[in-house]
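For reference, the structure is listed below as C-alpha cells.
Here the chain labels run A, B, C and D in written order, and each chain numbers its own residues starting at 1.
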Amino acid sequence: MQLGMIGLGRMGADMVRRLTKGGQQCIAYDMQPAAVEKLKPDGVAGATSLQDLVAQLAKPRAVWLMVPAAVVDATLEQLVPLLEPGDIVIDGGNSYYHDDIRRGNELGARQLHYVDVGTSGGVAGRERGYCLMIGGEVEVVKRLEPIFATLAPGAGAAPATPGRAASASASTSTAEQGFLHCGPQGAGHFVKMVHNGIEYGMMAAYAEGLNILRHADAGKHAREVDAETSPLRRPELYQYDLNLADVTEVWRRGSVIGSWLLDLIAGSLVSDADLKNYTGRVSDSGEGRWTVAAAIDEGVPTPVLSAALFARFSSRGEADFANRVLSAMRHDFGGHVEKAAEPGHGPKT
Amino acid sequence: MQLGMIGLGRMGADMVRRLTKGGQQCIAYDMQPAAVEKLKPDGVAGATSLQDLVAQLAKPRAVWLMVPAAVVDATLEQLVPLLEPGDIVIDGGNSYYHDDIRRGNELGARQLHYVDVGTSGGVAGRERGYCLMIGGEVEVVKRLEPIFATLAPGAGAAPATPGRAASASASTSTAEQGFLHCGPQGAGHFVKMVHNGIEYGMMAAYAEGLNILRHADAGKHAREVDAETSPLRRPELYQYDLNLADVTEVWRRGSVIGSWLLDLIAGSLVSDADLKNYTGRVSDSGEGRWTVAAAIDEGVPTPVLSAALFARFSSRGEADFANRVLSAMRHDFGGHVEKAAEPGHGPKT
Amino acid sequence: MQLGMIGLGRMGADMVRRLTKGGQQCIAYDMQPAAVEKLKPDGVAGATSLQDLVAQLAKPRAVWLMVPAAVVDATLEQLVPLLEPGDIVIDGGNSYYHDDIRRGNELGARQLHYVDVGTSGGVAGRERGYCLMIGGEVEVVKRLEPIFATLAPGAGAAPATPGRAASASASTSTAEQGFLHCGPQGAGHFVKMVHNGIEYGMMAAYAEGLNILRHADAGKHAREVDAETSPLRRPELYQYDLNLADVTEVWRRGSVIGSWLLDLIAGSLVSDADLKNYTGRVSDSGEGRWTVAAAIDEGVPTPVLSAALFARFSSRGEADFANRVLSAMRHDFGGHVEKAAEPGHGPKT
Amino acid sequence: MQLGMIGLGRMGADMVRRLTKGGQQCIAYDMQPAAVEKLKPDGVAGATSLQDLVAQLAKPRAVWLMVPAAVVDATLEQLVPLLEPGDIVIDGGNSYYHDDIRRGNELGARQLHYVDVGTSGGVAGRERGYCLMIGGEVEVVKRLEPIFATLAPGAGAAPATPGRAASASASTSTAEQGFLHCGPQGAGHFVKMVHNGIEYGMMAAYAEGLNILRHADAGKHAREVDAETSPLRRPELYQYDLNLADVTEVWRRGSVIGSWLLDLIAGSLVSDADLKNYTGRVSDSGEGRWTVAAAIDEGVPTPVLSAALFARFSSRGEADFANRVLSAMRHDFGGHVEKAAEPGHGPKT
C-alpha cells in the first residue's frame, strides 16, 4: 500500500524504513531535504515539497504526519488545501486527543478522513515493531490495515494469552498483531496517553525502589546529632552495599517485576553504575499531565500516577518556592534555621 | 546435592518438584502428612518428623524452610536443637530482613549457618524457574549453588543485556542465571522486600490507568447538577467505550509498558472483562509496608510506592473514619450534607 | 450603597442580612418567592422578577449573583439583556475562573462590567463576616468597596500581622479588612480556588492524623495469622485508648496546629465521638479538581493537594475497578485469594 | 510547686520563665553554666550539677528534662542513680514514644515514675502558653497538675467549644485548660507525634497552594517548543501577578483556612515577599517519619501526611538518584536527552 510520510525525525525515518522493508511504498517528505536524502539508500522515494508529495500519491491518498505535537496544526494548515475528498490524514505523533476530536470535525467538514495513532516503541521500534493504538472511522482504519500490520510487531512478538483464542475478541480484533482500532477519533491518542501515564508510574516505581537499595548502606554514614535531624535509630540494619547492576539483572529472570523497562535499566547500570551521565532533571512531554487531568475529569483516583508526575516537576526545581515557605514557617514557629547542604555529607546521590 | 525442605505449601511443593526434576535430591517434610504423600509420585523422599528429616540428611546438612513468615521462629525453635555445627538453614519465605539479622546471629552463636533467600516467581515458578535473591556468608552461599542454579530460570530465560558480557560483574556474579548473592545475612530479603515494593507500585500504575480507560465513557452518563458535585465540563471528550482486554493485549507487543504483570492482566480480562470475580479488597503481606518503612529510615522519598500501599489499605475500608471526619467538617463549615450512594448511579465499577 | 442580590440560598440570604444590618440597601430576588418573603422581617426589599429587580435599582446598577456555578450562565442570559452600559454584574459563587475570563469578555463587549468574588466563610459568615477574594477592573472594584467592607469581617477580626503596618502593602491594600482586589477578571475565583485546594489538604491532614490516633489500640485486637496479612510486629506499642474529643480540644490552645477547622472538629466530636452521623462518602464541589489541574498546567508539584482530592474520590468507591485489577493480578501470579470483610473483625471505623 | 529543670535551650529556658512568673519554684540546670546564669534575673534558682539539682529538690522530687531527644538516655544514665523511689522524671522533649515505654519500664523497676509530655507552642509559648500532651500514671500526672496548669495557655485562650460544657468529658478532662492526660506512658508523645504529622500536612497544603498562586503568571513566560516539554495550551489563563502577602493577609479574616500557621506565613511574606532568606532545604526532626511508620503499623492510609514528609526528603536532594534512573530510562527507550537548567529560564522560584 502507498503512504506519504511527513516528518523524518527519529521516529518517522525509522517507520518509513520498516514500512519499505515490509513491502509498502512510501513517499517521504521533511522540511529538511537532508532527512529525505538519508532515506534514499533504503529505497525510499522522496518529495521536495508538500505539493510534490501530494502529487506523487494515488487517490484516495493516505498521508501520515510524524511531527512534534506542537506543529501538527501548522502542517495541516498547509496540507489540507492540497487534499481531496476521500483522502486520509493520519497523525501518528503525540497529539492531545482533544485536538484529534477537533481536527476530526474540521477535516470531516471537508470530506477528509482523520485517523489518530498513538505509537509506542521508541528507538527500538524499527526492529521490534511499533505498538499502535488507533482512533478513527471503522472503514478508514480498515483501509489502512496493511500499513498498520507492517509497522506492528506481529502476533509472534509475544506468547499467546491463555484463553484468548476462544474469546469473542480474538476473531474481531487485531490486538494480537500489535495494532488496535480503539474507537472513534481521539481514542487512539487517549489510550496512548494513559499508556504513557502508566509508563510514568512504572518508571517511578523502579526508580524509587532502586533509590532505597542504593541507600541500604545508610548505617555506615554517621549523621550529626542535632535537634534538626532525625537520627537513624538502628544503623546496624543499613549496612548493605548492593550492586544494582546485578540486582536488576537477576530480576530479569523469573521475577514478578520483569519488563522491558527493567531490561533497559539493567543495561544502563552495566556501563554507568552511578548514572553519572545524568543530572536528574526529568522532562515530561505532556501525556502524564493529560492522563492525570483526564482522571480528575472522570473522578478517578490516581495517587500513584500523579505522584510520579509531580516527582518529575520537583526534579526540575519546581517545588522550590513551596519548600521555602516550609522553611519560613519552621523558622517562625520553632526558631529552626535551615541546614546548609554540607559538601561531602549531602545525600548519597 | 541433597536438601531438606520444610513446608510443602503452594511454593514449597513446586520447588521440590523443580529441584527433583533438575537432579537434586530432596527430603520433604510438612506438618500435614498428606502434603508429603502428594509429592511421592514425583519421586520425592518424605520425612515423618523433623527428627526423621534431619536423620535422613548427610552432614553438613542443608535445610530449606518454606513456611509462612509468622511461623519461622517457631519452626526454628524445634529444628535448631536437632542440627550440628556446620549445618545450614535457609529461609526462603517472606521473612522481614530484621529477623534474618537476628536469626543469623542466634544461629551463628551455635556455629550454624543462616541463609535468607527472597524468592519471586509465584505459581509460575515451577515451570519458569524462580528468581532468587540471597543473603549470607560467601562460602555458605557458594556451597548451595547447585540448589540455586536448579531453582533459578537460567541464563536463557532472558536475552543478554547489551554490554554486560564485557563488564566486571559478568565474571563474578551469577545474576544472569537468575540467582544472586546480594550480601550478608538479610540482604536477600532486603532486596526481595524492595522488589515487592516496586511490584506494588507497578501494579497500581496499571490499575489506575485501566480505571481511567474504563471511565472514558463518563460523558455518556448525565450527572445530577447540584452544589455538592462538580459537573463534567466537556462530556463530548469522554464518549469512548474501550475494550480493556484488547487494549492490554495490544500493549503486550512493542509497547514501552510490556511486562509479565501486563501479560497476567490481559489474561484475566479475556475471561472476565469486568473482573466480577473480585470485590476489590486488596491484601498486603508485609513487604510493601517494610519497603516504605525502610525508605523512611533512609530518608529516601517514595511517594509512588507509599501511594500504592495506602491504596490497598483504603481498599479494605481503613480510611473510613478519616472520611467521616471530612464529612463532619464539610457539614459544620458549609452545611454540606453527605450524598448517599445512589443505587444504579454510583461509580461505574 | 444599593445592591441587587439574585439567589437567596444558604449563602445569599445571609449575605443580604449582613449587608442590610450594615446599612447597605439590598433588593433581593430568588426564583422561589418564599425565599424573598423570608427576608422581609429583616427589612429587605424584594423583587418579583429579574425585570422588577432591575427596575428597582438606580443606575449604574450593581447586581450580585449568588447561585450554583452550574446556573450562572443561564441566569446571565436572562439578566444581561435587561442591563445598560455601565452596570456591574458580580458573581459571588464558586465559578471556575475560566468562565470568569470568558464572561468578562462577553459582558465587556456590551460595556457591562463583570466582577468575580470568591467568598469564604460558610454558614458562620453572617456573624463572622466573609473573606472576599475579588477579580475585576480597578475602578469598578473600587466603586463596590462599601459592599465588600460590609460583608467582610473587618480589621478587628484578627490581630495585626507584625511588621505589616510599615509595609508598602498596608497603605494600598484592603486585605486587612478581609477583602482583597486580587487582579483582573478571574483572579478572585483563582485565589478562592487555590484557597479551597489548601482547605482540602488541611482537612485531609487532620482526618488522617485522627485516624491514626483512633487506631492506637490496634495491638489489642488480635489479627489472624495467615500468608495474606502482615501481622503487627509489636502489639505492645499500640495499646492506647485515646479520647479524640479531648485531644482535639487540647490542641485548640497553644499548639502549632490550631485553626478554625480544628475548632469545628472538636465540636463535632463532643456530641458524636465516633462520627456515626456520617458514612464517609465525601463530595467535592470542583475547586479541588481545578486547583490540581491548574498546578499541572503550571508545572507545579502538588502531591499533598492531589492526594487529598483522590482520597475523596476513593471514599465514593471510584477506586473499585482499580482494586479489582490488583486482586486479579495477585491471584494470577501468586494464587492469592481475596479475603472477605469479616463481620465484626473489619477495620475499626 | 517545686520543679527541677534540666536543659535550658530555647524551650527549656522559656518554660522556666513562664513557670516562675506563674508562681512555681524552679531549680534550673544546664551543662552550660552561662545558660543558668541567664535565668537569674528572672528570679530562677540555679544548680551547678545534677547532684546539686537533686540536692536542692524536696522529696518526692519532680525533674523535667528538656534536652534533645538524642541525649535523653545519656542524661537519664547520670540522673537516675541520684534519685529515690517516688521521684518523678518528666521528659518534655521530642522523644519517640517507643523510648517512653521502655524508659517507663526501666524507671518503674526502680520505683521511679516516668511521665512523657509532648510540648507544642514553639518560641511563642512563653507568652501564649504551651499545649501539653501527657502520658503516665494517673496519680503521678495528677500530682504535677500545678506545673502543667501554669505552662498551659488556660481555658481563656480559645472560645469554648459549643456543647462541650454539657458533655461527659468536660468534668473529667483538663483539655480545655490546654493540657491533657492522654493515657499511659508514651501516650503523650504518641499524640504529639501525630500532632506534628498533621502539622507537616498542613504546612505542605499551604506551601503547595502558595506555589500555585506564585506561578499564576506562567502564561507570560514563553516556553521553548520542543518534543521534551509540554507547552502551556492556554497561556491566557495564567496572566495573574498575585501579591502573596496580601492574599495570606486576607485569608486571616473569615476564611475557612485561617490558622496560626497562616498568621506566621503572612508575617514572613510582609518582609520577604520572595522568601529569599531561605534556600528550601527543609529538615525533619523525626515526628513526621514516626507518624507515617505508626500509620503503616496500624494499616491506616496516610497519603497526605506521607506526601508531605517525602516532599521534605526531596527538598534535600534525596530523590536525585531516582531521578537519574528516570532520565536513563527515557534516554534508552526514546532517545531523550536531559535538558539543562537554563540560566534565567528556570522555574520561577
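We adopt the following convention: a contact is a pair of C-beta atoms (placed from the backbone, for glycine too) under 8 Å apart; a residue touches a chain by one contact, two chains touch by 3 or more.
Which protein is which chain? UniProt says A, B, C, D = 6-phosphogluconate dehydrogenase, decarboxylating.
Bear in mind the structure is a predicted one, so any value in this text is a computation, not a measurement.
Visitor: Among the other chains, which touch chain C and chain D together?
Guide: Chains that touch both chain C and chain D, as defined above, are A, B.
Visitor: Between chain A and chain C, which partner chains are common?
Guide: Shared contacts of chain A and chain C: B, D.
Visitor: For the pairs A-D and A-B, output the one whose chains share more C-beta pairs in contact.
Guide: Comparing A-D with A-B, the pair joined by more C-beta contacts is A-B.
Visitor: Taking mean CA positions as centres, which chain lies farthest from chain C?
Guide: With centres defined by C-alpha atoms, farthest from chain C sits B.
Visitor: Please tell me the distance, in whole Å, between the geometric centres of chain A and chain D computed from their C-alpha atoms.
Guide: Inter-chain centre distance comes to 42 Å.
Visitor: Distance between chain B and chain D based on Cα centroids, please, to the nearest Å.
Guide: The computed centroid separation for chain B versus chain D comes out at 37 Å.
Visitor: Where the CA atoms of chain A average out and where those of chain B average out, how many Å apart are those spots?
Guide: 28
Visitor: Give the residues of chain D touching no fewer than two other chains, as numbers and ranges.
Guide: Residues 122, 204, 206, 208, 211, 230, 233, 256, 260-261, 267, 289, 297, 299-303, 307, 310-311, 314, 316, 318-319, 322, 333, 347.
Visitor: Quick one: which bits of chain B touch chain C in the complex? Just the residue numbers, please.
Guide: 9-10, 68-71, 94, 96, 122-124, 203-204, 206-208, 210-211, 214, 225-231, 233, 260-261, 264-265, 267-268, 272, 275, 277-286, 289, 303, 307, 311-312, 314-336, 338-341, 346-349
Visitor: Mind pulling up the chain D residues that touch chain B in the complex?
Guide: It is residues 256, 289, 292-293, 296-297, 299-303, 306-307, 309-311, 313-314, 316, 318-319, 322, 333 of chain D that touch chain B.
Visitor: Quick check on the complex: what are the chain C residues that touch chain D?
Guide: The touching residues are 97-98, 101, 120-122, 125, 128-133, 152-155, 157-159, 161-164, 167, 169, 173, 175-180, 182-184, 186-187, 190-191, 194-202, 204-206, 208-209, 211-213, 215-216, 218, 232-234, 236-243, 245-247, 249-263, 266-267, 270-271, 291, 294-295, 297-305, 307-308, 310-311, 347.
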